[in-house]
Amino acid sequence: MPILRIEMHPGKTLEQKRELASGITRVFVETLACPPEVVEIVFNEIEKDAWAVGGKLKSDT
Amino acid sequence: MPILRIEMHPGKTLEQKRELASGITRVFVETLACPPEVVEIVFNEIEKDAWAVGGKLKSDT
Amino acid sequence: MPILRIEMHPGKTLEQKRELASGITRVFVETLACPPEVVEIVFNEIEKDAWAVGGKLKSDT
Amino acid sequence: MPILRIEMHPGKTLEQKRELASGITRVFVETLACPPEVVEIVFNEIEKDAWAVGGKLKSDT
Amino acid sequence: MPILRIEMHPGKTLEQKRELASGITRVFVETLACPPEVVEIVFNEIEKDAWAVGGKLKSDT
Amino acid sequence: MPILRIEMHPGKTLEQKRELASGITRVFVETLACPPEVVEIVFNEIEKDAWAVGGKLKSDT
């Protein structure tokens, strides 16, 4: 049932994405007592020149 | 008026995206009696190593 | 596999949402030859005072 | 840096949302070695009559 | 052409939403030399108990 | 506090993205009297063959 969309910078290894996916899913299973199959996660990689905080692109800071 | 955001795996042909866009728009026009121009659709292609179900990346299953 | 997020104004009947869900799902099944169970749709209702086009809230036009 | 958007059905207690937020954040901190303050999570509650799988509203199944 | 989705806490007045919509649209018109009608903005209000930073709900801090 | 997600066509220069980020942030600061650091903006570039209006891909019109 839960759908997660995660925006983060690129550069994560496949192993880190595996750990994020399994770790986050386990948090849902433990907290909501739901089966793991209902947890769906989509990663969206955003470059530093496409992300701004405080009015400045991260690639400029 | 309706805005649709569609996440799906890459690999669809241009012709499939055309059929999805025209078919989905027709469903809105027929159901809500709205003009087709108000239906806006954005496709977002997500690789299999960026999509997880049940705590596992789809590229691992 | 496809996840659809649909933003539209409130006021649709349950029957209209049923028709949108079944009609959109059928378009995916026919175009991509996927089973219907993989199509997931989330409706997000947005009031007219929370939606702007051309710099004006829809509730003001 | 990561922003998470989580769609799930309403009905979670405040305590469950607290555990989800702290547990998910810990997964990021442990996997990416980032400080907890950079993890931002937004919960979006979606009613069963606004969520469809397989062409059917969840409120109908 | 641009679609903006804005998540923020509730409690803004209608006048503030009007100013955000017209001000943001003007920034696009001036920067991209596009007509104002192509700028579409959707506001999504998120309660403090549905928004977490650093692993803590904002309603707890 | 506000998070903005902006979908637009690719092809903007870095300088245009800088102006959009700083201009939009200033609108929030002036309208809501918030500090600039709380405004977070993510740009999402969508190709013309992944964006449809009126049932037609923009790359076909």
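The letters A, B, C, D, E and F name the chains in turn, as written, and every chain counts its residues from 1.
To be clear about the criterion, a contact is a pair of C-beta atoms (placed from the backbone, for glycine too) under 8 Å apart; a residue touches a chain by one contact, two chains touch by 3 or more.
In UniProt terms the chains read A, B, C, D, E, F = 4-oxalocrotonate tautomerase.
Predicted, not measured: the structure shown is a model, and the values here were computed from it.
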Where the contacts of chain B (4-oxalocrotonate tautomerase) and chain D (4-oxalocrotonate tautomerase) overlap, which chains show up?
-> A, C, E, F
Quick one: report the Å distance separating chain A (4-oxalocrotonate tautomerase) from chain D (4-oxalocrotonate tautomerase), using the average Cα coordinate of each chain.
-> 11
Rounded Å distance, chain C (4-oxalocrotonate tautomerase) centre to chain D (4-oxalocrotonate tautomerase) centre (Cα mean) | 21
When you check chain F (4-oxalocrotonate tautomerase) against every other chain, which residues touch at least two of them?
-> 3, 7, 24, 40, 42, 44
Touching pairs - complete list by chain label = A-B, A-C, A-D, A-F, B-C, B-E, B-F, C-D, C-E, D-E, D-F, E-F
Give every residue of chain E (4-oxalocrotonate tautomerase) touching chain B (4-oxalocrotonate tautomerase) within the complex, in rising order.
-> 3, 40, 42
Considering the complex alone, what residue numbers of chain D (4-oxalocrotonate tautomerase) touch chain E (4-oxalocrotonate tautomerase)?
-> 14, 17-18, 21-22, 24-26, 36-37, 39-45
Residue positions on chain B (4-oxalocrotonate tautomerase) within touch of chain A (4-oxalocrotonate tautomerase) in the complex are 7, 44, 46, 49-57, 59-60
Per the touch rule above, chain B (4-oxalocrotonate tautomerase) residues touching chain C (4-oxalocrotonate tautomerase) in the complex are 1-9, 12, 16, 19-20, 23-24, 27-28, 30-32
